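Notes for the one structure printed next.
By written order: A, B, C and D. Residues from 1 in each chain.
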Amino acid sequence: MWKWLHPYAKTERAYQLCLTLQPWFWVGALVCLSIGTVWGLAFAPQDYQQGDSFRIIYIHVPSAILSMGTYVAMAIAALVGMVWQWRTAYMSMIAMAPIGAVMTFIALFTGAAWGKPMWGAWWVWDARLTSELILLFLYMGVIALYGAFEDKQQAGKAAGVMALVGVVNIPIIHYSVEWWNTLHQGATISKFDNPSIAPEMLWPLLINLLGFAFFIGAVTTVRLRNEIVLREMHRPWVQALALDNVPKQTSGSPNGNLKEGS
Amino acid sequence: MLEACGLTCSKRDRTLFEGLSLVVNTGELLYLRGPNGAGKTSLLRILTGLSEPDSGAVLYNGVNISEDKTGYYRDLFYLGHKSGTNGSLSALDNLSFWLAQHSISMQENTLYDVLAKVGLVGLEDVPVRYLSAGQQRRVALSRLWLKPAKVWILDEPFTALDVKGVHLLETSMKEHVSRGGLIITTSHQHLSETAGEHRVFDLEYRF
Amino acid sequence: MQFESFADFLNMGGYAFYVWLSFGVTFLAMGIIAIQSFSKHRDLLKQVVVEKERKARIKKARQQQQDNT
Amino acid sequence: MSLYQGIFKRDMHIAFKQKAELVQPLMFLLMVVTLFPLGVSPSPDTLQRIGPGVIWIAAILSSLMAMERLFRDDFQDGSLEQYMLSGMALPAVSAVKVAAHWLVSFVPLLLLSPLLAMFLNLTVDMYIALVLTLLLGTPLLSLIGAIAVGLTVGLQKGGVLLALLLIPVFIPLLIFATSAVDSAALQLPYHAQLAIIAAMLLLAAALAPFAIAYSLKVSQN
């Protein structure tokens, strides 16, 4: 059933796929993010309790959802890599990690900036913020582990195991933190728990969610291409690609402009 | 002229040598021989002043080296088991930082020439840890051509070098001696004809 | 439009600092990661070319050495 | 002078090629600080009370991790031998290396400190006091730590031993630093504590380079 996917295990095909997908992702991200953001900032109604500070939700919630989504996607990629022995799967896993970490950072930062007017403090140890912070640490762990290996083949496998360990842990972390928070009778009353949200508020949120997803996809394709070039540096097709794209002049390394025949 | 007078050294309560004296004149190559654990490295480190002997003194041109370190170190080149190159820096960076520490000014082109001489063309800007053991050794040895030192103290300089590397090093040792230099070296392989005349000094393993 | 005027819009009902800070930092972070990814791509391609030239130089040096001996 | 500038440049160069080694102790610091609200209590009052101590303890622990790289690489790859044979004054070399190490491992910590203060709900007054103690105290950590690193660098497994040697030595610093921040919390003057830390720093700056040089020589033997 998944046969059609297999050719993309080859790096060259995966690179081509990235090139084809990339413009659509960028356009999608640009369109959705502009519509969602303008709608959310200017046209969506105010929250009756929180006023206009509520508008931070249009970036906070999508980034928070996608920070977790990206981690799950990484874990899936790692699993695919392990089961089918695909190098490209590991590569796409590691291509996703930095953008996932950025999403987590955005969720944390916007959470803090929203919390300040609502709770009177930049940071409170609320269950969600705490789990999000731990998620950031998990991302950092995967990235650091990958960076620590010189052999990137091995690094991908090790980071993949770490991503899987993390994804198993995410629900456990989430519930334990929630339980811990109720145990300590939460420092604040969470105002995020609006069970229902008006549709005119929901639409821009969904559009922005889509925009962020497109953006993650776009950055992932760029980074996956980077990863492929890095790992396949000595393959002829990469060298041909580089020669086509780099003007002769710019290769200004000491090796490039050395005096000849010394 | 390098002189050792009555050197005694003990490591982990075992006496490596006692009352050892030797004289090496300029224009001479001293080949220090001995089984593993005889104390060759310890002797060389004492001769450079890196370690202190339990008793005895090392004289360079008649002056105790602990009294005139700067004068001695201006004339000394020492290469131990450790290459003294940082793995994350390139050969070029390693050498230029080393030269700066030894107050030697040199043009970058000369560095490229020397690195080409030791067979490292194209690897000048690669972090040293990516090089093979022999290539790393060559980076370390390239300093021989960079510092105008009279005294070379080389501890196992041939380790990890291939045939060409050994040949290159032996030739330059011979040249150095003929120019009135002074070399003390250890090696587990015999020095070949290329290295020129040399005097052998045997260090016995003591129990 | 939820706001009476553009000034009102900028003011964000008194929460201007927090709202604009959030949006600003978000898009800044996204911009940085996007630009970093692209510039890394360019650097990598350059690196590929440099590696190729390096190989050529090494080969040439080897050749010369053989000719000499 | 330019001789020592060269060493400084080299150390900075190496540090920026090994970014992971710089970032990891900082991440460790951040995670240790995170454990306290989770393990003790997330209530802002409790955090404010334990905050200064938590930050300082975490800073000391993370500094122990960062400390080892001060001389480890140079010792293992033989660069240290070459320093010693260059005729430069070893105490000056040590001082320069400690300064470079402080810049790359503790200045980022200072930059991270607002975040830590926010996590632990410190007031602005407390934060100012904390930064002052960190500014005076972290160079002291570097200087004294370097002596112990010099002593343990020749050992195969020096990591834990380093901590055992250093933690008792850092206790006075911890006491004065946290007491300064506590005084700040109560709106009391804390010049005395700062002055004591500054005095310790000056003493260390004057004497530590010689002790470091000597301990490096001992390790070389």
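In this text, a contact is a pair of C-beta atoms (placed from the backbone, for glycine too) under 8 Å apart; a residue touches a chain by one contact, two chains touch by 3 or more.
Small disclaimer: the values here were computed from a predicted structure and weren't measured.
> Could you tell me which two chains share the largest number of C-beta contact pairs?
Answer by contact count: the chains A-C.
> Greatest Cα-centroid separation from subunit B: which chain?
A
> How far is the middle of subunit A from the middle of subunit B, if each middle is the mean of its Cα atoms, in Å?
Their C-alpha centroids are separated by 53 Å.
> From the mean C-alpha coordinate of subunit A to that of subunit D, what's the distance rounded to whole Å?
Centre-to-centre distance between subunit A and subunit D: 34 Å.
> Quick one: subunit B and subunit C, Cα centre-to-centre, how many Å?
So the centroids are 46 Å from each other.
> Quick one: subunit A and subunit C, Cα centre-to-centre, how many Å?
So the centre of subunit A lies 16 Å away from the centre of subunit C.
> Could you pull out the residues of subunit A that touch at least 2 other chains?
253, 255, 258
> Going by the contact rule already set, what residues in subunit D reach two or more other chains?
Counting only residues that touch two or more other chains, subunit D contributes none.
> By residue number and range, which residues of subunit B touch two or more other chains?
116, 122
> Which residues of subunit A touch subunit D once you look at their complex with the stated criterion?
112, 121-125, 130, 133-134, 137, 140, 144, 147-148, 177, 180-181, 184, 186-187
> Can you list the subunit D residues touching subunit A in their complex?
Going by the criterion above, the answer is residues 20, 23-24, 27, 30-31, 34, 37-38, 41-44, 47, 118-119, 121.
> Where on subunit B does subunit C make contact in their complex?
Contact set of subunit B toward subunit C: 116, 119, 121-123.
> Quick check on the complex: what are the subunit C residues that touch subunit B?
54-55, 57-58, 60-61, 65
> Can you list the residues on subunit B that touch subunit D in the complex?
Of all residues in subunit B, those touching subunit D are 48-52, 69-70, 73-74, 76, 78, 80-89, 93, 97-98, 100-103, 127.
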